Structure formats: C-alpha cells, structure tokens
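Order as written gives the chain letters A, B, C, D and E; numbering starts at 1 within each chain.
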Amino acid sequence: MNSGLYRKLRWFAGLCMAVVLTSVVQGECAPAKPKTGGTLTVGMELEFRGFDPLKANFLGIADRNVIMAVEERLFDMDAKGNLVPELALSAKPAKDGKSWTIKLRKGVSFHDNTPFNADAVVSHWQRLLDPKNRYFARYAIEPIDTVQKVDEFTVRFLLKHPWAPFKNALSAPQSFAVFIPSPKAIKEDTLNRVPIGTGPYMFKEWLPNDRLTVVRNPNYWRKGKAHLDSVIFRPMPDMQARFASLQSGESDVIQTDRGASIVQAREDRSLRIYTSDTGGAYNFLFNTSRPPLDDARVRQALAHAWNQDLLLKADYKGTLPLAKDPFGGLINCGDSAYRQYDPAKARKLLAEYGKPVELEMNHTNTPRGKEAGEIMQRLFKEVGVTLKLTPLAEAQLSKRGIGGEFQITGWKMMDFEEMGPLLKGNLSSDSKLNFGKYQNPKMDALLIKQEMISDPKERQKALCGVAKLINEDAVFLYGGGRRFHVIAKAGVKGIDNIRHGVIRVSDAWLDK
Amino acid sequence: MSGADGLLLDIRDLTVELRSPGGLIQPVDKVTFSLDRGKTLAVVGESGSGKSMLCRAILGLVPSRGSIVFNGHEAGRLSAGVMNRIRGRDIGVVLQNPLSSLNPVMTIARQIMEPMRCHLKLSKRESREKTLNLLGAVGIPQPHERMACYPHQLSGGMRQRVAIAIALACDPQLLIADEPTTALDVTVQAEILGLLSRLQRERNMALILVSHDLGVVAGVADDIAVMYAGRIVELGPTGALFARMRMRYTRALFDAIPRIDEPLQRRLPDIPGQPPDFSALPVGCRFAPRCASAGEICHREYPPLTADNADRHLFACWFPCAGTEVGR
Amino acid sequence: MVFGRAATVVWKKLLHLLLVVLAVTLLTFVMTDRLPADIAAEISGRGATAADLAEVRERLGLNRPVLIRYASWLGDVCLGRLGNSLATELPVKESLRSHLPVTLELLFLSQLFALLLALPAGIITAWRAGSRLDRLTGTFAFACASLPNYVLAMGMVMLFSLKFKLLPATGYTPLSAGLAANLKGFLLPALAIALVEWVILMRVLRTDLIATLKEDYILLARCKGVPAWRILLVHALRPSLFTFITVLGMQTASLIGGAVIIETIFALPGIGRLLVNAIFAQDYPLIQGTVLLITLAYVLINFLVDLCYGLLDPRLRKVADNG
Amino acid sequence: MSGNGQKYLLQVENLIVEFPSAQGGRVHAVSGVSFDIKAGETLGLVGESGCGKSSLARAIMQIPPPNSGRVLLDGVELTSRHNRELREVRGSFQMVFQDPLAALNPVKTVGESVELPLRATGLDKKIDVRKVAYEAFAGVGLAPEQYFDRKPAQLSGGQCQRVCIARALISRPKLLLCDEPVSSLDVSVQAQIINLLHDLKQLRGLSLLFISHDLAVVKNISDRVAVMYLGRLCEVAPCTGFFLAPAHPYSSALIAAVPRPDPRQPGGISSLLGSELPSTITPPSGCRFRTRCPHAQPLCAEVQPELLEISPDHLVACHFPLHEEGRC
Amino acid sequence: MADLGRKPGITFYLACGWLALVVLCALCAGVLPLHFTLDQIDSDHLAAGPGGAHLLGTDAMGRDLLVRLLFGSRVSLIVGSCAPLLGLVVGLLLGMPAAWCRGWSERLIMTATDVILAFPALIFLLVFTAILGPKLITITLGLGLLLSPRFIRVVRANTARFREREFILAARIGGAGEVSILLKEVLPNIMGPLLAYTLVVTGYVIVVEGGLAFLGLSVPSPAPSWGGMIAAGRDVLEEAPHVVIFPMATMFLTVLAVNLLGDRLRGRYERS
C-alpha cells in the first residue's frame, strides 16, 4: 500500500514563470474576521521526506505544506507573477541584469531565537551552491554564481548571466532553496528532522508514518497571522482512508486526487472542495531507443489507440482536465495536433509497420496504476497490440525509468507554470533527463529557440511547436492534466489559495 | 436379605437405553438387585456385558429407567443437583485405569481435597489434615511429601491408592470400584483388593466391585452377580455360588481361568465365540449361541431369573448345571 | 548430572533460537538485495541520472557485496547499533520505538478480543457439543472465518465510522492523550483482526476440550460430584490449552509484521507499514532492523509458549522434577 | 528337555538396553540379561510392569537393537546385522504384541496387515500371497471369507489377537515372542488365545518366549520360567521345579500374589511387595531386589548376585536363596 | 462444526453444491455464451448497477462483473488449491523424515521451518514476485512455500504419533523397510487429518490472495481474481457497492463452503 502517490510530485524544483490560470474556489465567501485558536488536522498523501535540502533533495507534495508553515521565503509570488515581500522587503536587479540586491526584513528571528539577517540567507544559499555539497537540484539554480552579504540586512545575488526566471527561483514553493532555515539548525545538522524557520508555526514533533505537529509561533513577526494553536499533518497514503478520516472527523482538510472522493464530496454540504490547475501532466513515457517504439508509426498508432477520455472518466471520474499539451491551459496552443482516439487509424498505422507489436508497461502497484494499465492493455488489444503489465513499487518504477529499463512507463511531468526548462530537460537529445531517449533535431531546435527568445509571443509559439511535435511524433501519451484538489470541512477557512497543492496554514483558521 | 434398616441400595428393573450407530441399544436390561450396608457385591462379566454402564446408571451419569433407591431416596426422582451431591459424598467411585483417571495437571492433594471442599465445605486446613490421614489409610508412604506430587510421579499402584483416597474423601456409604485392578500387575492387584476389602470392613461401607475375573472377586465379595449381554444371569452369595454354579455361562467363565494350582500345560476349557452385539441380540437366552447344552427353548425364550428353592441364589438358565462343587 | 542435562537443554534451545535469528536476518539481506528496487533512486528522485545514482550508492556503501554488508551490520548489532534509515536518516531504533507501541497495542487488544470471544465460545460449544447452540456458534464462527479481515475492516469503517459516526475511521491517538481516545482508535482495527482470528482459536479449543472431556479423569470428576463449571474450568480447561496456546502464539507472532492491510486501512503507524515502506524503498538498515525485531518477537513468543507448556502440564517440567 | 547337545534356537548374551528418559537421566531398562531357548521350547518371562520385559523383547527383535550384548538366532548373530540383512531374516523370528488393536494398522484391512510380511520381503512375486494369507486366517480359527476384508475396529479384541498371530506366523518363523499377548483380554478370550498358542506350538514345533505378569498364565503355557526384576534376571528354572520351590524371594512373592478363584482360599496377598518398585534411572546397588526383600543383608547392597545354577537347569541370582519354602 | 458426527446435513450438501458450481464455472468460463469478454470496457456503463445487459453490473472501468467473477474463480481456485497442495507435498517430503529420523536432520528441518515462520511473509512474497514477476505461478509457488513450514509441523506432529505405535513395530518386524513403512503404514493414517487441514488452508489462501491484491501483488492483468476485484472496487465502495459486494459474497461463500467441508472431514478423523 505504499502509495503510488509516493512520487507524485517529486522532482527537482524548477524555474517558473508565475502564471496561474485558475484557482477555483467552490463554496461561500469567507467571512472577514478570522477566529483564533483550535487545532487543524491535515491529511497528507505521503510521509515526509525531511527538511534539509541536502538530505531530502526535493520537496514532496506533503513536505511543501509543512515547510511553508515553518519556514519562510524571501518572497511570495502573486497570481500575476509579482514578487510579494515576505522575509525580504525589496529586490532590485542591477542594470546589466547580472545581479540582484535584496533588502531583508529587520527584527525577525528564527524559532530557536537566532536572529534572521544577511548571514542566514547567505549561508543557506552558499551551502546549496557549493558544488562540494552536491545539492541535488543545484543545476536548477546554476545561473546564480554566488550570494554576498552587503550589510547586516542586505544581500546580493550575483548571476552568471541575465536570468529571467530569477524571481521564480526566489519564490517557487516547489523549490527547497527558497525556504530560509535557521543557520543554527544547519550547523548542528538537525534540520532534516527538525525544521526551524521564521514561520508562523514552530515544529513540535514528528512521529514517522503517523503525524507531524507544529504549534503557533507566539513571536511571529507578522501580527494577525497564524490563527491556529497547532496544526497536525498526518500522512495517510491510502486514499480511501484519507477521505474516511475527513468524513468521520479525524481530519479537517485533506489533499486528494481520488475522483470518487471528490465526486462524493461535491454532494456533501459539510465539505468544500478547492482546486488549482497548473502546468505539467500525467503521462506514459515511451522508450524511443528500442524497437518497436523507435518507429514513429508505432507510437502514433498507439496514440490513436489510447483513449485519454476513458481514463479520466473511469479512473478520475472526470475530475482531471484532458491534457493535449503540457501547459495546463497556461498557454493556448489550440489542439496541438493532439491524436484523437481512432482505432481504425491506429490499425492502419500498425499495418504499415507490418510487424506484430508486443509491449510491456511498468506501472505502480497501486489500484490507480493498475487501472490505468488495464485500460491501456484493453485499448491496445483492440488494435492488435499485446501489452504486458508489470506492476512495480515506486522506487522500482523510478529506477527503471531513470535507467531506461522500460518500454512504456507511467510517469509524471512536474507541476510547473513555466514548462520550458522542464521540456528542454526531458526532450533534448543530449539531456541526461531525457529518459525516453527521444532524438529529434527538429525538437532540439525548437527547445533551444524557446530558451533563447525573449519575446513572449515568439516564445509561446516555440513552446506550442514543441507541444505539437510531441503529439505529431507521439513522444509520449498524456494521462490527464495536473489539477490539485483539497477537500476541507466547511469550518476550515482561509485556505482558498492551494496553488501547487499547498494548504497555506498560515492563513487558515477554524470557524467551528 | 437382612432387615430393611440394613438396606442401602435397591435396584429394580434398571434399564439403560442408548443411541448407537446400530440403532437403539440396551446395554443394561432390567437389572434388579439390592445391597446391604457394609456388604460387598461383585459384578462379573466379559467386557461389553454392561457392567460399567450399570455403574454409571447407578451414579446417574446416564439416563436410565427403573428404580434406584439409595439410602431410602429414590435416586431417579432426584434432581441433577442433588445427584451431584450424592455422587462423591455418599457414593465414591474408583475407575479402572489409574493412569488416566487422575487429572495429570493437578496435585494429588488437590484432587483428594476437592470433594471434601465441595461437599463437606471443609476449610483448607481441615481438608489437608483429612487428606493426610486418608493417604496414610490407603497405604501411601510419606504422605506429607506425596501431597504435592502430580500423578505422573507415582507408580500405577500408588495412583490407584490415590484414586481410592479420592473415593473415600467424604466417607461414602457406598464405594463403586469399576475394574479397579484390571490395569494393574498381579502383584499390585492383590494389594489393592486387600486394601479395598480392609477399608470396606473398617468403614462399614458397601462395595460394588466390578471385574471380568471371577477369580479376583472370589476372596472379597459377599455376593456375586454375573452379567451377560446386559442382564444378570446369576446372582447369589459367594459361597453358595462357588459351591454350585448353576448358569452355564458362569461355569464356563470360571473354568476358563488359568490357575496356578492346576497342573502344568492344561488345555483351558474356553467359551467359543464372542459375546453378542447389543444391536443384534439373539432371541431367547442370550448365551444360547455359545452354549454347548442349549436346547430348542433356549433359542426361543429368555429364561427367568429364578431360584431353585427359597434361597438367595438366583440364575437364569433353562438347563442349569447339576450343581457340583467347583474347584479341585 | 541432572543439572548438566537441564543446562544442555536450555543451551540447545538458545542456540537454536540464535540460529533462527541469524538465518532470518541473513536471508533478509540476501533477498532484499535481489529486490529490483533501489534506495539510490528513492533518495535521488525521478530527475536523477545514472551518475547520480552511482554516486548515492557509493556514498551509502551499497556497492559492497551483500555478505560484507551483512557482516558489518551484524557487528554493529552486536554493539547495539542498528544504524540509520537510508531514506530518512532517522535512527532505525527510533523508528522501531515509535512504531512498536502501536503494533503492540493492536496486537494486545486484538488477541484480547479474540480470547474473550474464543474462550467462552470454545468452552460452551465443547460442553454442549452437538447442541443447537453449538451449531449456531459454529455457523457464526465459520461465517467470521470466511470473511477476510480487510473486508470486515471496510465494512466496519463504513458502518461505525461513516454512517453512525461512533468510532474514528483512522488514526492512532497516543496513550498520552487519554485512554478512552486511545482505545477508541484501536477498537475497529483490533476487532477486524479478532473477529477472524477467534474462530481458529475457538475451534482448536473446542476440539481439544471435547477430547479432554472424554478422558477418564473427567468421568472421575463427575463421579466426585464436582459441579459442571468446575469440571470445565478447573479440570478440563488446563489440559486442553496446548494447541490453543500454540495457535495463539503463532497468530500473535505473525501479527507483529503482518497486519499491513489493517494498518493501512486504518492509517495506523505500525511495524507492518514501516516494513512494507522500507521494502518498497529498499531501505536496508530499516528492513534489517524491522526484521530483527520481528524475528526476536517470534523467538520470544515461541519461548513464552514453551514456558506456558511447562506451566500447563507438570509432566513437561523436565528440569524441576529431578530431585 | 535337558542335554547339552541340544541346539539352542535363541541365545541372548549379556543384553543391555538403555535410553534417555523423558524426565532426564538414562533408563536402565535391561542390564545384562543372558538366557537361551531351545528349539520347540517355551520360556515364560515374568515380572512386574516396568521391569524391562518389553524392552528385552524389543531388543531381541532388534526394534531397536540393544545398546550392547548379543542375540543369536540359530547361531546367527542378529545384533551385528545391518538393516537390509536383518530384514531378510526377519521372517524367522516374529512377535505378538500386548494390545492387538494397536498392533494393527487402523486404516488397512486385517487381510492386508497379514499379507504384509510376505509382500515386504518380495514374496508376492513368487507365491500367491492371498492364498497363503487365507490359510493363515484359517489356521488361527478365523473364517477368511468373513474377516479378511474387515478393518481392525470391526473385530473384537480376541479376533484382532488372532489376526496378529496369523501375521506373525505367515512367514513360518521358528521363534515367536509373545509380549503379554493376553493381558488386555477377557478371561474367556484369554483362554481361547492360550489354547490357540498351545495348538500352534504343537503343530509347528514353535519356540515361544512368552512374556506375562500373570504367573498362572505362564505356568499354563511354559516349559521354563524366567523371572525378571528391574532389568535383571532373578531366576530361571523349569516350570515343574519353579512353582514347587522357587529359590528367589521375589519369585516366591510373585507366586504368593496370584489370586486363587476360591472363596475359601483367598490368598493373593503378599506383604513382600508392599513397597514401590525403585526407579530404573537410579537402580539400587548390589542386588536390585534388596530394597523390597525381607531377607536382605548388608552383603546384598554391596555385591550384585550372579545367576548361578543351584540345581540342574535351575539358576538363581540371590545371595540367600530360599530352600523348599515356596508354595504350591 | 455443524452436524459433527451426524449424517451430512443440508449445509453439507449446500457447500458441496456451491463448490461444484464454482469449479464448473471456472472450468467452463471459456465456453459459456457470455456477451462480454473479461477485459471489455463498456465506457457507457461505468460502475453500472446490476441489470440490463450486465447482469451483475460493471466495475469502475466498465467491465462486466459476472464475466470477471467467472474468470476470477479460476485464479482463486488455482491459488487456493495448488498452494496448499504444494505446501502439503513439501510438508510430507520434509515432515515425515523429520519425525522419523530424529537427530540432526530433524533439527535442521525444524530450524529451517522456524526460519521461514519467523521470516516476515511479506518480504518473501514481495521479493519473490519482484524477481519472478507477479504471475499466477509465482504467487502460487510463493504461498505454497510460505505454507510449507506449517504443513511440515502438522505432518511431523501427526507422523511422530505413529513412531512408537505397535503396528509400525509390527510392520518393521514383518520385514518392511522404513520408506515403505512411511508410505504404506503411516501415510494412509495421516492423510485424513492432513486433507482436512489442507482444506482449511485452502480457505485461508483464497482470502490471502485477496490481501495480496491489496498490496498490488496479485495476478497480472487482464486475468481477474476475486481479491483483486474487491481491492479495486474499494475505490467506488460508496457509490457502487455492488462492485465489491458480488466478488466478496462469492469469496465468502466459497471459503465458507471449503471450511465446512474441511471441518466435516476433520470431525470424521477426530472421531476415528
């Protein structure tokens, strides 16, 4: 029962252009005046990995929620892509665009009473930038050369070259680097199990597989925030158990992507559903380096044999959007030459290929992975393709995916709002992250073009070109777009913003 | 029989009916006898003749018809609770196999004390004292040390002595000993029989001694009842019976015993065939199929249990033996 | 000489148990090594490259041969060190310490419920074997035994938690938060296990008790005029408990690491889930530590069962009797 | 029966059987027993239960072989033979057990059980096993048509013992060991079996080792008697002399303990044997009987008496043998 | 427990009848005139209730429940019968010598038994299926091996009872070899209780297979198994309970029937 969700969103933190398309809130408008007190229990999808960037490597979907409660960023980013000051007051780029000077907030201290100052920021960033430390996602912040202390409350980020996504690098909640931990905790090497930051809540205890508790920070610098006495984060990998805990009252709010729960919650007047769409997609990778999937006709045939609609209907009960491109609606590319379900066409393409096609797919050993596999198996069978299913534990699936030991494998594209860098990593011929081993000079050209061009319209065109080529060449299959769901009791307020699946407990309060 | 005041147990037409795979059977069929206080009755017969079932019927452990009058009370009318009180208090029981009839996980002291504490409501100390006396009385050396023993730590003979001590725990008026020596060595058998008759005399108990061996009971019984296929076929005072065995079965049973006072390598006069199956009893005399002198009537009609003359020696045989004295 | 023999018996037993522990842990090492999963991939995440994985493996010492890793692990265990989890870097001891109470409480409560059901039912059905009550109990027991505990758990959650909202559907409340809350959380999972397990306990008890009730010493007890309840509880029960204790021991031992599904359905942080997660992640130190714990528990329970035999039957107290 | 020139069928020399006890320690079941049986002779072996009679019988049968000592059958040593060689000569010495029901496989028909020795030795390929088995059934007085295909549970104890005898005799053995073959049987059936053994002995010239605790039975069937006590032989003598004048105090006590089926001559009580059999794990030093012997002297505790001939063919192991004091 | 020692009652015949039906279904699943194949997706009827074209309704993926139940019985029956049989065979092969030979071989076998019993079954199954792939044969083999120590113990205990029995000695005296004694004298005697135990284990294994499905370790798709259907149906338990109820009821009745038969058999051997 090690959930397939284990890995759901475990990728390196990225560079994002902050464009959020939707943040739909169903339910009545929150009353103005938050109430203080109470304990909020949050049902998480996964057990926490840890909070030291060097040890945990990346933020899982559950970890994001905790770290956001305990630690803070220099800036938040609003829906329009503007920086919103948090621990910093302002950020000014140099004229040449190769450095940013950032003024820090004064009078803030960490939970362990270490004062927050330039040293805290510099030591944290320098630690991640130091090649010796082998910070796993260092390449994602590679354009940053160094971080300097200017004075006690001013730091300067020196860049190797002008870098547009720098603002994302300072604020994206998927990234470990943005959260400033206590320098003392780093020095004492306790950070991984005991996160210490400046945030509204202080870490209290972490009982593995059971709960992680945080309590209100009485000295929080932002008065009027942190309404709750404490928050309990409870990892519950079993989807049904998580929803049951909400229904029977052990949880107040849960993360979920289980269609049945969402559909059921819609009927339940005591529950509210919050959703947030973003870039990325669930997908099925083809290993294009080996026959028969090295032949585009076969891949195209499979794309026509595949019925994403059916998957979304049967598996997700229609709670996920259909994905035709990896942009989650943030960029409008039309139909992107998406290959519709068309068995006749698929058969024709296969006939052209001429040889019998037998394939194997790796999927997670979860009900969800199994179901997707079984649907695909049946659909492929209809066009005469035999699909063998191999259920694997998450770690196994990852290993085989990374090692290229697969023909088809269930996969996910991470939830970025700016998909350019990720696409480049995943699809460039020479990229280490190109797990499907896809080689196409035309694709390479498009990917380089989208990186170099600064004109937004041209850039969008290039990205749409990539999306179109993905479909034309059938590089992989889509398994639904990314949409985060959070279900909460009606009494839980102030959690309307769930971008990237994060329940921002600093704003949350209970109206019981 | 001697006066009514001496009468302890009076059984009339006792019948036990049981369900078996072969249908309804009657392992005890219209058994009638009585027993005076302080007297010994031996019930003798082959295995399967209904001896043990008769004992259980007297104890009320199997459903039975007919009347059992014990000590003036009609036991058949007594409730299960009262029967429970009579069992163990007024009637003591010794079973055949001392290896299996003692609880292996209880000390012998506890097993002996249990009926005292249940029936006589003695305190722990009183019952301990009494147990010590009893152990001495049944001839167990070093009773103090043996109290804490478990049955497996004792030899077969010692265990049977313990079993007797249990039976005597509440000073019963009647002791039923169901083949108390069959599982024992000849040497021990003699001791146990001696012990039983000594205790019976000392305590003025009545004793029902069940055995398959006429020889074993000869020395201790006042009366002997011979059972065959669920019925008493001969009943009489030991002396009279041994003097004149009338029923041919009794005679055959007696003759089949190998005897140490007989000459060497004598061919034993055995009884041919097997005792009948209860589910397929022969018509008429039940022994007739194995009887050398059976006549036509034997196969037709069951002989009544009668006496030749007015004496107490009863037998059920159409063609009784002439009545020569047995023995040398 | 007698003492010498007793000592030999104890030594032999201990040697046997030590051998079991060693064999189980070695087997675990070898088998988990054959798992196609990779802790390096787990640690590195999906974006990792083959070089990253190799680097992580090097760092964790996963490149060494299995037997060498086993030997060094064994050496550490002898020194009382179980190491840290590779995935979380949490000391394995701490993980076990935090998960064990849940498993122990679940185990204790489920076996308690099972006993509470099995003992009276076994005794009554044996006493009244063949009666209508016996057949009714038997049928009910069979119905229980034929239901998988996961189905039972699902059904009970739907009924008691979601419909009537009597009991929590998930989660574990530490004892520190109050006994009532703690017990409430364990009620359903313990029942789900107990309702299936009591049946086999009851059946072996009934069978053995029926056999015991046919013994001569029970007949003698009846002849002694001992009341029925005393015959059952004092005379017959104790000698009839052997298979019962054995089965109870085996069930208990298998529950320590084996209640995964129940723990998952009720989101209980028990040893079973810890182990499965560790296996899926191929987190060697954690797997080894957990298996060591489970094996030790098995060995301990076996030892206790052996001890119980001696308590139940004086004939088996080999050592003490030889004065 | 005397004469040194006569061939010994069975020679047992200094046989020792020991095994670990369940309670710890070693049981000294048989401690240096030597005797012999001539062709056509019947030796009765008597002793209380626990004296090592059955262990001795099994050691002679090599199930399992004794710890030390030799067993010679017809001059051929059995003890040194390997399993396979032993199996080849098994047919010439056979055994009958005490409990006939336990000695038959409950799931097989008795016919199959009887055929087993022939099939096991591969004779079924050469001869008509079924015919031989039918003959064997007839030879023990069972109608083969009626009983051949029955399961043991469908037969009575006596019939089962007949089947066992048929099985033992089907391989035409020269020696038959009977380990208490009648002690679990009723008197009437006991007589049948003893008579059957008598007949077979005469018909086939069998040699018998007849083990029993009942001296009366032994007297009836044996030519010679050997008395065993705690793993050792006390006395070996021809029946005639033995019962008239036992030389060992233990023999005398055993004879005195035999019950006599005569109300006027109760007997059967022997004060000699009141105390318990000592432990076989730690047997007494010197003469093992000394703890229960009325005539024990200090010498008895120190020196173990050897089995010495006091008159022709009459051996006794006692420092102070009785002279003409025995009864009968 | 029902009707011990009596003539077979109605429950006995019902149990036999049900099992016969299940076996028949498993055998004939391929030739029955069914409207759907086992993996055919009816996208218009997702998690549809019973009635209409789908007699028992469809599962969350729109597959016909009846068809899947019929085919699922194959898996449950194969695992449920083969795994215990494998355990039985291993148990006989190792348990009888262990009881017979004593000494070091017994100690070795019993230590190995203890090792497997102490070894967390999950690791064994996970590794086993991870290496050999989650196939029907792998699961059957794995479960059979896991069960074998229990069988070894039962066989050993049952065999040991006969070690010193007189009819065994009699056979030995008759000249029978040890192997032939084990096979011809002991085996027929222990077969009865062993078969009864095997039946009880069969019920247990059918249930366990379902548990494995919960862990994603059951038979590979498209072959359905009852346990897999229950595990998958849990996702839609609230809105379409029939998806779980039908396979659950089938499994329940089958296990119940097997248990009843096993108990009857056991009762028979206990009495004799």
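Rule of thumb we're sticking to: a residue touches a chain if its C-beta (ideal position, glycine included) is under 8 Å from a C-beta of that chain, and two chains touch if they have at least 3 such contacts.
The structure presented is a predicted model; accordingly, all values stated were derived computationally and were not measured.
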Point to revise | Intersection of the contact lists for chain B and chain E | key: C, D
Revision key, fill the gap. Min distance from chain CA centroid to global CA centroid: chain C
Practice item. Between chain C and chain D, tell me the centre distance in angstrom, where each centre is the average of that chain's C-alpha atoms. Key: 53
Exercise for review: Using mean C-alpha positions as chain centres, tell me how far chain B is from chain D in Å, no decimals.
Suggested key: 31
Review point. How many angstrom lie between the CA centroids of chain A and chain C, rounded to a whole number?
Key: 40
Revision key, fill the gap. Per the C-alpha centroid definition, the whole-Å distance linking chain C and chain E comes out as 22
Point to revise | Sequence positions of chain E contacting 2 or more other chains | key: 126, 130, 214-215, 234, 237-238
Study note, to complete from the structure: Expected list for chain D, residues touching two or more other chains, is none
Review point. What residues in chain C touch two or more of the other chains?
Key: 35-37, 260-261, 264, 276, 279-280, 315, 321
Study note, to complete from the structure: Touching chain E in the complex, chain D uses residues 58, 61, 63, 83, 87-88, 90-91, 94-95, 97-99, 102-108, 113, 116-117, 120-121, 153, 164, 167-168, 171
Practice item. State the interface residues of chain C toward chain E in the complex, per the touch definition above. Key: 16, 19-21, 23-24, 27-28, 31-32, 34-37, 125, 129-130, 134-135, 137-139, 141-143, 145-148, 150-151, 154, 158, 203, 206-207, 211, 250, 253-254, 257-258, 260-261, 264, 272, 275-276, 279-280, 287, 290-291, 294-295, 298-299, 302
Point to revise | Complex contact set, residues of chain A against chain C | key: 1-2, 6-7, 10-12, 47, 49-50, 55, 57-58, 134, 136-137, 192-193, 207-210, 234, 236-238, 240-242, 244-245, 247-251, 392-396, 398-403, 411-412, 425, 432-433
Revision key, fill the gap. Interface with chain B, chain C side, in the complex: residues 215-217, 219-227, 230, 234-235, 238-239, 312-315, 321
Study note, to complete from the structure: In the complex, chain E touches chain D at residues 165-167, 169-178, 180, 185, 188-189, 192, 272
